[in-house]
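Each in structure tokens, the structures are laid out below.
The same chain A turns up in both complexes below, where it pairs with chain B and then with chain C.
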Partner chain A sequence: MSTAFDILLNGVALGSVYALVALGFVIIFKASGVMNFAHGSLLLLGGYLTAVLHERLGFYAALALAVLATALVAGAVDLILLRRLDPHATHVLTILTIGVDIALMTDLTRRIGGDLLSLGDPWGGSVSTFGGSTVPHTRIASIVVSLLVIGAVFAAFRFTAWGLSLRAAAEDREAAALMGIRLHRIRTLAWCLAGALAALAAVFLVAFPAPGLERTTGEIALKAFPAAILGGMTSPPGALLGSLLIGVTEALVAGYEAELSALGGGFGDVAPYAVMLLVLLARPNGLLGEKEAIRV
Partner chain B sequence: MPGSPPAGQPVGEPPEPGQSGVLRIERLEVTYGRTVRALRGVGLTVAGGSVVALLGANGAGKSTLLRAVSGTLRLHGGAVTGGTVRYDGRVLDGADPVTAVRSGVVQVPEGRRVFGGMSVEENLRAGRLGLAGGLRRGRGSDAAGARAARERVYGLFPRLAERSGQRAGLLSGGEQQMLAIGRALMAAPRLLLLDEPSLGLAPMMVERIAEVVRDIHAQGTSVLLVEQNAAMALALADYAYVLEVGEVRLEGPAGELARTDEVSRLYLGEAGEADTAAGADAERSAG
Partner chain C sequence: MSDRWVSGRQASGRRVSGRAALRRVGPARAAGAAAAVLLCAFPFYLDAFWLQVGLFSMAAAIGAIGLNLLSGTSGQLSLGHAFFLAVGAYGYVWLAGEPGPGLPPAVAMVLAVCLSGLAGGLFSPIAGRVRGVYLGVATLALVFLGQHVMVNAEGVTGGFNGRSVPPLEIGGFTFAETDPALVVLGVPFGAEERLWYLGLVLLAAVWFSARNLLRGRPGRALSALRDSEVAAAAMGVPVARYRSAAFVVSSMYAGLAGVLIALAFRGIVPDYFGLALSIDYLAMIVIGGLGSVGGATAGAVFVTALPLVMGRYADQLPLVAAPGATGHAIGPTEAARYLYGAAIILVLLYVPGGLGGLFRRRVRPPTPPVRQPKEQTP
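And now, the complex of A and B:
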């Protein structure tokens, strides 16, 4: 059953990349109650910076710089645009992120044009063969790196002062403020972290066997959006689970396209949203979403 | 960078000697949304090492006064529009909550507001997040202080120690109130602001909370106690204030105040609602 194994591995690899993006959605949502529609263009920014810098600096330095720069841009969105506004008006802030997305995306589209950029990752097109299955090294790298990074973020949630502050502020802003937690600072740091994760995700999203970075790469990232929602939007483990579900679904649909031809071509693009709808019909709060179940 | 020593030391006015740990509120005016005046010229003092009760009906401005001290008015669209709030000579009006916490003033919010999705232990850890160096320094010298604070809290509330791993949202109402108080004590406050700690609790639990307030006071922490349960508050306090529609109506030593007709009629439940307005206007002598 080499195809089934291939498909599963593809799905998990894809899911692990989505998880980086979805985790960013969730962190921002927890910290500021905002759905960040600019996430796709932040991801594109990270990818673009890596692409233009890697020839001069080498891949790792370029990536580090891109991750840092994207984190700063994301933090600046919060610091410059959102902080001035009423934090309760989350719908206004959310719409504002659409504006940021359009501005950022327009400029990046202008720069990238019709090009297909390589990020110069060290894995290239290399593959290994296990029992008849051909496994691209990029897949393995994406799973390993995502696991490590997500593990680190989860540990930060649990054990660091920042993580604890973020969770406390997400649960009850006023009570958190009364503890002396600086809500603004926690929120800006959350945006920075989400930006950094998006920039990292860009590498694996466009690595082999994908052709490379193009101006539409940011849109692909929005598949992580249903992943975050069906995970419950406020739950990092939920986002992880949702991402894997979406990744595997997408791989399955792509792998069995011939058998699914009755649904028409291109069903793979719709599948994440179909899964999201089905899950939300059964569990309106998402897989691991908080039901407001607190005793008073 | 914020995080350096809290701003707002008044110029040329050092804390008066022998008056350390005094909360002094003078002619305080608070306005919500630029139009609704919630407090008008309120003066209130909590001497170091005392328990002061703040009584009053719903909407009298009790919570507003606490917000002005703890720096959370802004979260409710309010602002101090006149007067001063000082703790130990340090200006708190207009300052952010961090300044209050680092000055040693910590508030337990009304309705407990524990972090329900976090464990009891994590709630207590959260109580120390506002202290200097919370985010940057984190470990090290802070660890000993945290341990001492936690031991104090578990000593006061053995129940919390038993349930340290449990989610706070699953505790009973009384246990949540204990956790809310314990969480505030983690910051080792010198002045604890308690907003309606007995609200919605069974009589036995109210009794227990009263004991706790006594213990906390005995350990050297001053308490400003906002209560609708006047009997409990007056039994605990040295001094008391009665707020009415944003103004101080009455004040005096708690024992004296409890014996006045007005307070017993209005707040100790010896008269019907109909007398309220007339009674309040009639007597202003106890202050």
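And now, the complex of A and C:
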């Protein structure tokens, strides 16, 4: 019983972190139609800055600075590079993010090298015990913080002028532009927000019981791809649902690996993709994604 | 296009000067012939490193032409190209090797290509339904699931450490080092030199077949599909059939590229066929310019050769430390990666239409002269 509870909690915590990353994907996709391949390196950048700065500034100040810096870098990618190109050629923009990812990732992996960096988070390895199962505080923190942050982002979508503009722009670019919405500014802000979310996600991805920040941490961002697709790339609540599904699936498959040994070792890492394929067979636009309207 | 131009020129009945005669052949065609002669001469002058670079470029070009057919022409974004390359490579190794049926390598090569096509066909229930970015990530799943199988199915794939590749043999001729060594015009022909010509023949076959495909009825149908499925369906294009056919044909090209890569490497491991490889192929066709065979080839050479050449000469660049230097200095590998990333960004920003477009602008006359008014007024 307690193992099942542990696994479920693990899955939800993992899902909440994926949700931060997947929400970033969805925001960028809604605002610019781009699949952001540079997300992994943005995540790594946020984690790296926190790791380097926390000894001098303390954890919270370092995290705030890292989130801000990552947001600025993400915004700069849009402002300096993507804005020069035709916004309708989304495949070119997508490949451009690959170029950014290669350059940024190379620099970060060179700096990190073979090291294992600690982010100095206040929860450390502390645990609580509830009815026979041990729960690391980092898990609880990640769920709580993700809930708060995602709630704030959803509130921003719903209630702020920026959120309204973003939704309008995603609905119909031309009409939005005609209504006086500055598409460029909306897009740059969307990139900033996605960068900030990625930097925040880095903290919980590398916190206990994970060993720490290493150069491969950025690859975890890729798991948020199936999460975002599964829920529907155009739907923020879908990203949330997809992330939870992916997180729980991964934890379940990893937790019951002995029973699933027929599928080969380490199937937990690829289970999200298998689930995604099955869902796409039944619902080609994801669980909550809008069905594409075809205009003739 | 150029043929029509030639007949118009001849019909005008003017004297043809020497330069015009060259133009009559078509500058593109003359350049093509010159390039072919040059490519055939390379093994006599270049060392093994450059031949390796060329071989990988040719294999990549075959794969890129296939991906271009799928993503460039018919507009189906695929991040799963590495998977189909892997099916081709592992298919060949298993079919021709031990453990495995141990078929003659030439037969194994053909069957491996068919196997890749089959894998592409099996994916069509998803490819037929899912579109755009969804298809991109769905194909991404193929890469990860494929790697999982490659690591775990040890009996077929050799697991994490991979397998060595049996050399290709066609009619008693082996594409590998033999004893006694084969010497042509004073140049010893080892594996690289022999595979070079195999690569050239395969690339030429793929180049022309893909061009004919694109210029014929299927190519028009696929372009129509990319621009508007509804309009294409209204014009009588069977949408689902063409979508999955594009997947099958593109996978077969990928499988052939996989076989050639396996032969060039002489050993394959699951790690190689990862997401990075898929992304490289996508970068190739976008850098080369979507939708053209020449562009895909140019992009393939650019993306494949750049890191290899950079890696070899990076220590002569300023600000680059020698390999194995202590601390966090910039080594040759990092320098190559930086330049690769920067090159992608710069090409996309400053060469719209890709490398293929650049080439076309330089070589082909912008408008057919027949249509210019000065032809009519002497």
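Assume the second predicted complex is superposed on the first by the 291 of 296 C-alpha atoms of A that agree within 3 Å, B and C clash if a C-alpha of one lies under 4 Å from a C-alpha of the other, contacts with A are read in each partner's own complex, and residues count from 1 in each chain.
Note that in this section a contact is a pair of C-beta atoms (placed from the backbone, for glycine too) under 8 Å apart; a residue touches a chain by one contact, two chains touch by 3 or more.
Everything numeric here is computed off the predicted structure, so don't read it as measured data.
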| request: Sticking to the clash and touch definitions up top, decide whether chain B and chain C on chain A clash or fit. | output: fit
| message | Between chain B and chain C, whom does A:52 touch in the aligned arrangement: first, second, both, or neither? | response | neither
| task | Report for A:286: first if it touches chain B alone, second if chain C alone, otherwise both or neither. | result | second
| Which of the two partners, first being chain B and second being chain C, lies in contact with A:210: first, second, both, or neither? | neither
| query | chain B or chain C: which reaches more residues on chain A? | reply | C
| request: Name the contact category of A:185: first (chain B only), second (chain C only), both, or neither. | output: first
| message | Per the contact definition in the header, classify A:233: touching chain B only (first), chain C only (second), both, or neither. | response | second
| said: Looking at A:76, would you say it contacts chain B, chain C, both, or neither? Reply first, second, both or neither. | reply: neither
| task | Quick one: classify A:96 as touching chain B (first), chain C (second), both or neither. | result | second
| query | Between chain B (first) and chain C (second), which, if any, makes contact with A:8: first, second, both or neither? | reply | neither
| task | Note down the smallest distance between any C-alpha of chain B and any C-alpha of chain C in the overlay, whole angstrom. | result | 15
| field | Shared chain A surface residues [contacts with chain B and with chain C] | value | 294, 296
| field | Of all residues in chain B, those that touch chain A in their complex | value | 2, 70-72, 75, 96-98, 100-102, 106-109, 111, 113-118, 122, 125-127, 129-131, 134-135, 138, 169-173, 176, 183-184, 187, 200
| query | Which of the residues in chain A come into contact with chain C in the complex? | reply | 29, 35, 37, 81, 84-85, 91-92, 95-96, 98-104, 106-107, 110-111, 113, 222, 225-226, 228-229, 233, 264-267, 269-270, 273-274, 276-277, 280-281, 284-286, 289, 292, 294, 296
| request: Would you tell me which residues of chain A are touching chain B in their complex? | output: 160-162, 164-165, 167-168, 171-182, 185, 290, 293-296
| remark: Given the complex, residues on chain C that touch chain A span 71, 77, 125-126, 129-134, 136-138, 140-141, 144-145, 147-149, 151-153, 229-231, 275, 279, 282-283, 286-287, 290, 328, 330, 334, 337-338, 340-345, 348-349
